Amino acid sequence: MAGNTFGKLFKLTTFGESHGEAIGGIIDGCPAGLELNFDAIQNEMNRRKPGQSEIVTQRKEPDTVEFYSGIFEGKTTGTPIGFVIKNTNQKSKDYSHIKDVYRPSHADYTYEKKYGVRDYRGGGRSSARETACRVVAGAIAKQLLSTIKINAFTSSVGDIFLEKSYQDLDFSNTENNAIRCPDKDTAELMISKIKEIRKEGDTIGGTVTCVLQNVPVGLGEPVFDKLHAELGKAMLSINAVKGFEYGSGFCGARMKGSEHNDLFNDDGSTKTNLSGGIQGGISNGMDVYFRVAFKPVATIIQKQDTLDSSGNIVEMQGKGRHDPCVVPRAIPIVEAMAALVLADYMLLDKVSRL
Amino acid sequence: MAGNTFGKLFKLTTFGESHGEAIGGIIDGCPAGLELNFDAIQNEMNRRKPGQSEIVTQRKEPDTVEFYSGIFEGKTTGTPIGFVIKNTNQKSKDYSHIKDVYRPSHADYTYEKKYGVRDYRGGGRSSARETACRVVAGAIAKQLLSTIKINAFTSSVGDIFLEKSYQDLDFSNTENNAIRCPDKDTAELMISKIKEIRKEGDTIGGTVTCVLQNVPVGLGEPVFDKLHAELGKAMLSINAVKGFEYGSGFCGARMKGSEHNDLFNDDGSTKTNLSGGIQGGISNGMDVYFRVAFKPVATIIQKQDTLDSSGNIVEMQGKGRHDPCVVPRAIPIVEAMAALVLADYMLLDKVSRL
Amino acid sequence: MAGNTFGKLFKLTTFGESHGEAIGGIIDGCPAGLELNFDAIQNEMNRRKPGQSEIVTQRKEPDTVEFYSGIFEGKTTGTPIGFVIKNTNQKSKDYSHIKDVYRPSHADYTYEKKYGVRDYRGGGRSSARETACRVVAGAIAKQLLSTIKINAFTSSVGDIFLEKSYQDLDFSNTENNAIRCPDKDTAELMISKIKEIRKEGDTIGGTVTCVLQNVPVGLGEPVFDKLHAELGKAMLSINAVKGFEYGSGFCGARMKGSEHNDLFNDDGSTKTNLSGGIQGGISNGMDVYFRVAFKPVATIIQKQDTLDSSGNIVEMQGKGRHDPCVVPRAIPIVEAMAALVLADYMLLDKVSRL
Amino acid sequence: MAGNTFGKLFKLTTFGESHGEAIGGIIDGCPAGLELNFDAIQNEMNRRKPGQSEIVTQRKEPDTVEFYSGIFEGKTTGTPIGFVIKNTNQKSKDYSHIKDVYRPSHADYTYEKKYGVRDYRGGGRSSARETACRVVAGAIAKQLLSTIKINAFTSSVGDIFLEKSYQDLDFSNTENNAIRCPDKDTAELMISKIKEIRKEGDTIGGTVTCVLQNVPVGLGEPVFDKLHAELGKAMLSINAVKGFEYGSGFCGARMKGSEHNDLFNDDGSTKTNLSGGIQGGISNGMDVYFRVAFKPVATIIQKQDTLDSSGNIVEMQGKGRHDPCVVPRAIPIVEAMAALVLADYMLLDKVSRL
């Protein structure tokens, strides 16, 4: 109930603070008999880790996953998969300056008020470091899904938008640039923008679009656990996310029914896909696609007034190595969460009919 | 797991198809000792029911709730509250024309594929009739929350947007017009728009904004069950919803950190509230506000091609009494779901610290 | 969380007090496509209902189930099955004498202390009337299980024990006598005993044995949700149950390993079955059998001292129509709970391996 | 769902096989602000670990717990407590002889059939080594409960029974002997019995009694989650357990209502306590007591026929260092599970009334 578990049948429970000894998790419910590709798992970890490119934080975190259980001779055994990622980069002394200070638009204040105590080092539990565990589990979920293709990419940075429809993109280009935008020209604009912002000591928001292809018909559990409702929750649970829309999204709210309805082909596919591949909370076999809004990172390298624990307004300045834009590193996290949702719903669907 | 339960401690499980004998639900986990105002519950039901005004469906559904348990001498007893709403308006013959046809952008096709069988009458389980049960539970949750103010209103219909900030609105006006927009002039434009659309036999989408005031600091369960993640799931589980954003939302993704950060006052409140009252998934005492996008109703009174169960494309035309715009009737549903989330998190928060 | 839901995938949530308007429940997660035999359901209800024979309470409760949803043209649709059983026999005035009194060894005192309020009429929520809902759900679960045979029977009343091994019994005789013991001679002794006890205004305890045959290998979820652990919980959740043992049970605690081990045949079956068909929490294909202890009914037709809500010791005497021995009517309830556990674990097992 | 999580609000999820790299777990939902006594935790671990005395297995497992998260400056923070216990004693080669053999009355066969793969080393996941994680969590739960006293002890070994009532025992003697029976004379008989059995290469069963004192009135969640139902499940989930009874237990099934009813004192306590401190699933403030039956350990140092994975009956002989009687090492596990149940229900009770 305390909110550290995701999923109903394919379940991930995570633990760990950014500057504790380690973070880690338990994947419970992964079916037995899945042959794991450990390189693929580490590859996902590498996509998320800091220091990959010049537009992300230069912190060094090797992010090596140690699996402790649930795997025997390379295969899952049906028992829980315990894993740990050591925190090798715990520079706790770096954080003494925020011990008694609530950073603006961070979770320092709310954790303190809710729990009465707070591990202030590097954001503690509220740090996005926790998402490394999601990427581990998501990488395993991806292997379980195998035939489903999950592709996320950067669709905007600040006011620079990728104008093309996803159908016109070649997802194999996504990893070719630092911002993970499959359109080279837009990617360059985005990267320039981020460099400019970073020079100002500032940060910038952006959006991620994610496309799920080859999703079988029938995934999703009405009423409350609609496929898109769970995808939405999954995305909104990622640090810095402010919004989620799927299919026509907020634009759909401006349309007429006669424009918005997706007419059928005789094979059950639809001529258009404003529905985003989901009807009544259940996948219909068309592409599922959605968009996620990320706010700008709250830590800026500028002076700001803030509040200390004694109730005084004090001046502080962000230090250390922070991301000027969270979006490129969020791509594998968005994919991981999508994979977790799909894996869970594939298992749930196995029991939906005789 | 089959997705008909919402909440962790304050739990609602619903049942019922639009043209079965009855719909209903069980509220489990409502604390004992709550004195219920039954008029207030029925009032919420009346806000949702069809036939209230000229811009909604003219179906007649009295929507009277019968409570069967969990209440003794007007107070909750801590045992489950079972309730039933009879379907008095079951004109099943009206629906024979869709028995073998999958209506475009409805859930007919996906239910059929997922379950192999389908109650085709009036959408069956996928009908928004199910939301009546949410309103019952939400009305009780509202009474549990008492000091928290929950106000939803129509913020757009098609391209007509309410331009004012919610701070400049008087929520006591919301119920004064058929579209439930607290700004009279905008309301009139919206109503005209809907009438025009209905004349065309068409439908139109819109958005609902919801504001939660006097939310105590500390509600929300990081990591996966962040307050806004659960609010997002709750809203996305409502029929026809395509998107959710809170605080700065999708606009926040275009901003810089220096613009977006909410600086503190010395009482812990913030000068701005782009965060939308939530930091790290936990409420910070500021107003929580969010916006929900509704697509246009899929049933239009125009001829459309569609698919039948034998794989033929056939022409069909919507019949019966349908809403030209779902938004005004969605207002009490949005509020109900928000109340359910808040009630659940208030209970969860009681066990978060010694 | 409030404890009114049983099961993980095949889930039953119940509501209702003994003297409220109705009791009922929601079965969520029953797979779609199950053709229901309604006579079989009603037959199980009839086995549980009062007034069937001279050794049970003579209250009249027709216990007719009304199904409101989840079933279409005789088949389950995969949506929740809502059902209601009206309380036709609400003689509330009968219970004014216990309004301010806590009956000994009843739940009056604990409900009052836990919840602060209490529906005192006929035991309210703590009444065994609630088990009628379990029988409804169990009857559906039985139909889902089809090939598994579930047979419970009375194995003791007071000091009268059925001495035969279950292998030597013909379960088709169970329903041939009022006590539901498949051995005619023992049944007669038990019935005489109960009549004698009833004449004294007293009550008596007993045990029920239940045998599950044709259970497929592989049901059960280690570690915490072992098959026998969940069976145990299911049985202990039935009113008046004081103990549970399976396989060798408490006798097994007196044995040596060399006596207790079940040696294999070459088809994987075992020569003996002290294990009770379960190894490591997972069924092994042998018969699962267990025994459940029921205490004597607390309501006796004799004068007893008791406590009133003002803290005075007062004399009271049980009134009304009560069971002198709960065991015969408990048989269908034990079977229903076993069916619920098995149905749940059959669904869970579908996702345990690729 | 895969059964590796225990509890609803105070939740323990465990992972690990007996001969993997490590075992461990995550405690989610422990309230913030609890000052932990780490010596007390290690002390509980030491009570469970092998090699403590001459009547238990002589394997050496230091069982040192490493906490990775959820604790800051000695106090719980409300975030998940991740912990790991390294398997320092992984002599995997010892187990090659059981690689293709299903040991009688072990879980080898059922795991193989359920999952299709199996970590055969030392029982893998089905090994009682997993219970070390329960003891860690139970030790923390005990600290949360503080005022509740939890005392388990050996009440029988084979046919040697502790005849005294628990009221006549001094629990401070429990740890004074190897069998953990607070009565010195009975303890000596039990120890002699075990030594004799071990000489034969055999094993023996026994029972554990557990007494919970100072339990507040009101713990327990009717209907399905009655306090004793959850205690029963908790105990039945421990390796080798075959039965559970509380209060009068199976003896209660032989009694009359007039003998069994617990009459009240005017302070709400009862003159007798055949109920075992629970009425209607809710604690009544009297001592809660229950008894747990453990079968003899299946691994005996004698030749036995068994089945191999090719379907042949082969002769095998247990090797290695095994417990001749599981009961003395089960004492801290029984206490740990009782503590987990009580901690969970104490939290649940906080939300049961306004």
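Order of writing sets the chain letters: A, B, C and D. Residues in each chain are counted from 1.
Just so it is clear, a residue touches a chain if its C-beta (ideal position, glycine included) is under 8 Å from a C-beta of that chain, and two chains touch if they have at least 3 such contacts.
Chain by chain, the UniProt names read as follows: A, B, C, D = Chorismate synthase.
For clarity, every value in this text was computed on a predicted model and none was experimentally measured.
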item	value
Result of counting contacting C-beta pairs for B-D and C-D, higher pair	C-D
Chain C (Chorismate synthase)-chain D (Chorismate synthase) separation of Cα centroids, rounded to whole Å	26
Centroid distance [mean C-alpha coordinates] between chain C (Chorismate synthase) and chain B (Chorismate synthase), Å	39
Approximate Å spacing (C-alpha centroids) for the pair chain B (Chorismate synthase), chain D (Chorismate synthase)	46
Sites on chain B (Chorismate synthase) at which at least two other chains make contact	1-5, 8-9, 14, 29, 32-33, 78-79, 114-116, 125, 222, 351-354
Touch-based graph of the chains, sorted into line, ring, star, complete or other	complete
Chain C (Chorismate synthase) residues touching chain B (Chorismate synthase) - in the complex, by the definition given at the top	1-5, 8-9, 11, 13-17, 20-26, 28-29, 32-33, 66-70, 72-73, 75-82, 84, 114-119, 124-125
Touching residues on chain B (Chorismate synthase), where the partner in the complex is chain A (Chorismate synthase)	1-6, 8-9, 14, 102, 104-107, 109-111, 113-116, 125-126, 130, 156, 158-159, 197, 200, 202-207, 217-218, 220-226, 228-230, 232-234, 236-237, 239, 242-250, 252-268, 270, 274-276, 278-284, 293-300, 302, 304-307, 311-313, 348-349, 351-354
Chain D (Chorismate synthase) residues within the chain B (Chorismate synthase) interface of the complex	1, 9, 29, 31-34, 78-79, 222, 347, 350-354
